[in-house]
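Notes follow once the structure below has been shown.
Which chain is which? They are A, B and C, in the order written, and residues in each are numbered from 1.
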């Protein structure tokens, strides 16, 4: 579904991405792991159209046709189904939970569908439903993550981009979140590309994994393969 | 209640409404792009001159006048955004500041060139200059119409911001433009809309101002514009209800200052207002309803 | 193309020679128009350089110069106005002041000192404000000062203004003051004081972590700027022979900002060059305005030019750098 070839991205004077290759098949969970500053967030931001591409191929196959991400505006990419759930969740704290979810489907004109999607979400996450009129800033970290994912889901994404879902969350909550993601992928067939620092969880969840270092992909394989790979173990899985 | 008091209250309501209308625009714009739009007060002047032009042409029926002026203000506000602000998105605050100040000076002087520096007088028809007796006091009808219309506008706008999709999007952009973009919200379009709506309201204030005072000149927008910014600060920048409340607080304070202090002090009206501004900035810069801004590094 | 690079000492000598030569030439020509124009331009240079220090060095955005100019002007006028006519023109003036007459240099100094004092009192309250708040507060200050000047008409003659001010501001006096102001600001910029100020401008929080007292520095810059502005404000009426509460207002503040932006918000040489350029340009445009009867064109052009300039070169022509002079 997603094809990235030889992507180069420059921010300011720095060459952040130096020719990366990625593919994500429809229905798959792919993960991108690596140290801080490797370029993972930059990759996601480029995929959602927020950063210009210096060179390379960047295509989304929606099943109805192919979209050249390089030439498409961010707004249209959201419309096409690429939804980016940013680092640190970034929910709108001053708005209510319901308004946050409502905004997730900002571009959708089918308000009946949106209403249904939101009520389905409340069934899945009763806490959000109970507090739907509350300001989102009052939620705990884990609840905010639920809200952020929920906000992304309301848009019925074809490709869900998640930037460090585990960031700042307690281990138990993180596990719950990842379990939810797995169920989401299994039941609703949502394709995901997850950027993660928590390599262990990410590799356990993912079908396909890519390791990024200094703007290049240095390793790729299935999640299981990389979990068993001693080099990966040493670099990313060794300490806590 | 003494009729003098009634008169002052009506005056305060009327003046406060004018400030509130302009302050709303300031607050909306600041909330979304974090810039003080110096040219906003001049939109009031543009509205006043549009009124003058339409009235003088004699072609336009009275009923259509407010609608046309508001539409004109909408267009003018949007135009200013396109011309002056579009190109400086993302620039540091000082740049934005200088640009809006320059835009204001340019507009004022263009008005001086094309509209002449002489103040223009004009009168609305009898129906607006009517006076009534309210509890024994002699008040102008227009001073009662203004607050009513203003409050209706305020109500409409507040509903818009709280209930409609676009209104919620505006609040989202005000809080976190980056995340808003990820929802597919087009920031550029929203900024345009906010400028245009602010312009429409300011133009309406211009219409009212000319009806109330009967005299306009090209530089008339600057001082009220600054005072409206003060109103915004009183209420808390970025807060819509704050702007409205601030407008009325300012209007009433100004009237009270002139109305209840001995007349030899009335010339100090503006000094009082701006002294108040400085005081508020020192004591409670976030105003009544605003959030305190983070300390900048 | 190799740009000329002078050592500061040579640059200083060049400055004195240039200003001195200019003054002698214009004075000698006896042409009243050019004398007035040169005087005003030199005063603009002083104002621009001092504003570079207040705004440029510490990164504040003060529009307050005209307010301090007004203060300095009226204070000085109290002492330079002919004693015989003071009683009549300024009836509310207390006798102690009414009887005293001071020559201009001294009176202007008094004006500057009073303005600096006001700057200290006001600055203590204001310099911590964020950019746009400080800008609006100082704009408010201009209006407050103008209002007081308008209303205290027993002393200031209010809206009627003060006419017949003795033209005591000679070109040589102004020339010397200009050179002194430039030297003062230059020395500050290139001393550790200036470096600390620039650090505050770059990143105030980081500067504070290094033990720099940002508040004190900003206050100092503000006070010095106010003092120089007051001094210049005191000189001006003695060039044009007239003073009114609206003499120094928003337009002047705006033009000064324009000069700073063009010159580079921290470059002294840039400020000097920009001040000269804009003074000459505005004056030429103003004459066009007079002949064609279309008033307002100058300001529109300045405003539009400023916006365009900011789009193309937001750091001004020279940013923080001092062109043509070796400063390491």
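Just so we're on the same page, contacts are C-beta pairs under 8 Å (C-beta built on N, C-alpha and C of every residue); 3 or more make two chains touch, one makes a residue touch a chain.
Note that the structure is predicted; figures quoted are calculated from it, not measured.
Viewed as a contact network, the protein chains form an open path, each link joining two chains that touch. Look at the CA centroids: the one farthest from the centroid of chain B belongs to A. The distance from the centre of chain B to the centre of chain C, each centre being the mean of the chain's C-alpha atoms, comes to 32 Å.
The distance from the centre of chain A to the centre of chain C, each centre being the mean of the chain's C-alpha atoms, comes to 56 Å.
Put simply, the C-alpha centre of chain A and that of chain B have 43 angstrom between them. Taken in their complex, chain B has these residues touching chain C: 35-36, 84, 87-88, 91-95, 97-99, 101-103, 105-106, 108-110, 112-113, 117, 222-223, 226, 229-230, 233, 267-271, 274-275, 277-278, 281-282, 285, 293, 295-297. Chain C meets chain B in the complex at residues 61, 125-126, 129-133, 135-137, 139-141, 143-144, 147-148, 150-151, 203-206, 250-251, 254, 257-258, 261, 265, 294-300, 302-304, 306-307, 310-311, 314. For chain B in complex with chain A, the residues that touch the partner chain are 165, 168-169, 171-172, 175-176, 178-186. Only residues 48, 50, 74-75, 78-79, 83-86, 90-95, 99, 102-104, 106-107, 151, 155 of chain A touch chain B when the two sit together in their complex.
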